[in-house]
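Chains: A, B, C and D, in written order; residue numbering restarts at 1 for each.
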Amino acid sequence: MRKTQPVAVVVGAGPGNGAALSKRFAHAGYAVAALSRQQSTLDALERHVPGIRGYVCDAASQDSVAESFGRIRSEMGVVDALLFNAGSGVFEDFDDTSIEDFESSWRVNAYGAFLCAKQVVPQMREAGSGNIIFIGATASRRGGPKTSAFASAKAAQRSFAESLARSFWPKGIHVALIVVDGKIAAQGRADQGALAELIDPAAIAETAFQLCRQDKSAWSFEVEARPFVERW
Amino acid sequence: MRKTQPVAVVVGAGPGNGAALSKRFAHAGYAVAALSRQQSTLDALERHVPGIRGYVCDAASQDSVAESFGRIRSEMGVVDALLFNAGSGVFEDFDDTSIEDFESSWRVNAYGAFLCAKQVVPQMREAGSGNIIFIGATASRRGGPKTSAFASAKAAQRSFAESLARSFWPKGIHVALIVVDGKIAAQGRADQGALAELIDPAAIAETAFQLCRQDKSAWSFEVEARPFVERW
Amino acid sequence: MRKTQPVAVVVGAGPGNGAALSKRFAHAGYAVAALSRQQSTLDALERHVPGIRGYVCDAASQDSVAESFGRIRSEMGVVDALLFNAGSGVFEDFDDTSIEDFESSWRVNAYGAFLCAKQVVPQMREAGSGNIIFIGATASRRGGPKTSAFASAKAAQRSFAESLARSFWPKGIHVALIVVDGKIAAQGRADQGALAELIDPAAIAETAFQLCRQDKSAWSFEVEARPFVERW
Amino acid sequence: MRKTQPVAVVVGAGPGNGAALSKRFAHAGYAVAALSRQQSTLDALERHVPGIRGYVCDAASQDSVAESFGRIRSEMGVVDALLFNAGSGVFEDFDDTSIEDFESSWRVNAYGAFLCAKQVVPQMREAGSGNIIFIGATASRRGGPKTSAFASAKAAQRSFAESLARSFWPKGIHVALIVVDGKIAAQGRADQGALAELIDPAAIAETAFQLCRQDKSAWSFEVEARPFVERW
């Protein structure tokens, strides 16, 4: 279809990063498709960010991803920016981490990333442009005692993002990873403790947006988003 | 059962690293269980390294792993050293890497690692000692254009190994990762090109064995095995 | 003194990054002090970016740095942004790298960074705000056969930047490092080969400026600037 | 001169690592030259490890290093193994770290490493063999609030070691770095707190010695030495 606006797809459109990404890209003139497993999440988001289109989608399901992206292409046009924010984590000791936990963490964070990339890369290659931003975490870089499932999944995602970047930067597709190193404020972040310790999702969204605007002679791959008071 | 020898399990007992690990640990006095998907691989190995016991096992299958380790425990006793050498890789451009490739790489390298660790950690904790060595690859550290499936799986394995190390070193279990950064010589390595460019699997096995002997006041987690002529 | 504008100091104000940084920050409303060892470099820059003030300064000299920053403070006011772009490299085999080369590389890239930080941190701490951006290089991350002097110096700079960040982020000072991973275009970059392979200094300056604008709930420390066609 | 034994040089021959390295290599049949700034340190070491030869040397001084290695070559023969253990650190906040601290840390840890490498590389190249092991620290990998001088110096050393490795592995010289990640027990380590938290210097020496024995088809560059109870 003929587009009048660039199209951004936000995978994992929950109330924190997902909403902020949707809002930032809508504000910049993108037509935004928001994907979530829950219709109720999409309903809340649509009230919050007028004009976006919600798609119920399970990022860990091959069929669901194929169907949603197929609809997006026909209803909104070719995707210009993929913002992969789907993620789920289990924070338990190894002894309390089940085999199912280990698999489901990977399925959302890494397998889902692969499925969505498969949907958008071919047309971005054809266009010779596009942006794919993955939202990573501290755990993308290292495994800890409580993250034998989550960190492994995030490391798989990070490595995949790097493969994709090294494959497709030369074709004009900017693939990048934002390493969120801290706790993200929910909407009512005042309730969660000192403001200073929480990341404003709007700041992550701003970083994602700035990545999409970088001059191709000086792209970044991996960028941290870390509260100034965080210990690292 | 009552053991007269320490027990080592080699997962992925093919003709290269697997055979070398089996041989090195048998030579050092371990009773060695060798696991492979193929009976024929085990038969060849048993001719090569007398006294080892072969178990047909698919490291990517929860049931198969549980069954093999159950038999090992009852036939050989508690495992002292787990040497995880299972691995399979797809080396293709992203466009030629299927969703199935992406999943199967992860299933052997990362999920299989998790399954095997689940089998041996509880008794190692009880004993307050034990060794778990993962055989990684260059791809454990970075993703490249040809390794969107393999590197992602190896990164997942590496992160998991780190979680396990940070969880269980303080309990006396030495978890480590050998990053194999180069091509491994097959048995007839003379045919594969200049000797100098190939890693002797016996050298990797020696490194694995030395890791198992390290004083607990000075353990290593990640150790490279790289030919002196390799570019890095 | 009473300021009407924020003050930026560009250390290493040559024709590439230095000029671009000066221009970007001047354009954003900063009063810009440009430091270079050569008066002729400053003269050229002042013609290029009207309104900036040039200071002849050897970043590797304790006295020269103290004198220049003293003058800046009295003539322009407290420094809000320090942009450390001084750098010099020797690209030779180890055998052809002299002891003097090794020392002088460190003296400009690392010791100079320390000297300049010493000049601006106390007042930034008092203000509870400020930006310090170091311009690093591929060599900041790894040493290669041709960079035994340069990479060692850049690694020293990177580590120092990290110490500074972990010390002063909680005090409101944003310390960051831009890893320039590629060749920078000189003014007449058309002469240097394919445009696509060269980094536009204006793009590095833009990244530096965006770092200074980041929300403090989501700061970045290390950011690459790499041409889309670069192999990594 | 004609040698009957391989020659090892231990730079920084204090009572911890230095003594342990001297002892381990002497035990393995090396003729050991021990270098320290203090004659009293060498006297104590010679009583502890009979047969070693002490040389008073300031590793941070070009003349002193040249003179000592000249004497070693004429008195003991060509050096087979250089074990660089010299190191000194300042652990202070940035505000309390003087310009002199910053320079002196670098001068011992990095410049001294360069000076000593310059002394041994030419003859190792000629021989097509040799070992150069640097003793690093946690700070080799990252800078912290208390290590703006020490970590920067150790990062410079680590990068230099990597340059050297990438230059001379292909010539048969094994360059490696041991990252000591924990506190080293002094001779009377029982007084320093729980044994479990301290690294036995003999374990570091053993790791250094095993590195010198690695098969050249599977060399390691960077190896941690970390107590099993250490948090990382």
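As a convention for this text, a residue touches a chain if its C-beta (ideal position, glycine included) is under 8 Å from a C-beta of that chain, and two chains touch if they have at least 3 such contacts.
Just so it is clear, the model here is predicted, and its values are computed rather than measured.
Placing every chain at the mean of its C-alpha atoms, the farthest one from subunit B is found to be C. Chain geometry summary: the mean Cα position of subunit B and that of subunit C are 46 Å apart.
Centre-to-centre spacing of subunit A and subunit B amounts to 33 Å, using the average Cα coordinate of each chain. In subunit D, the residues that touch at least two other chains are 166. Interchain contacts (touch definition given at top) occur between A-B, A-C, B-D, C-D. Across the complex, subunit B meets subunit A through its residues 62, 93-95, 99, 102-103, 106, 110-111, 114-115, 117-118, 121-122, 139, 142-145, 147-148, 151-164, 166-168.
Listing the residues of subunit A that touch subunit C in their complex gives 166, 169-170, 172, 174, 182, 185, 196, 198-200, 202-204, 206-207, 210, 214-232.
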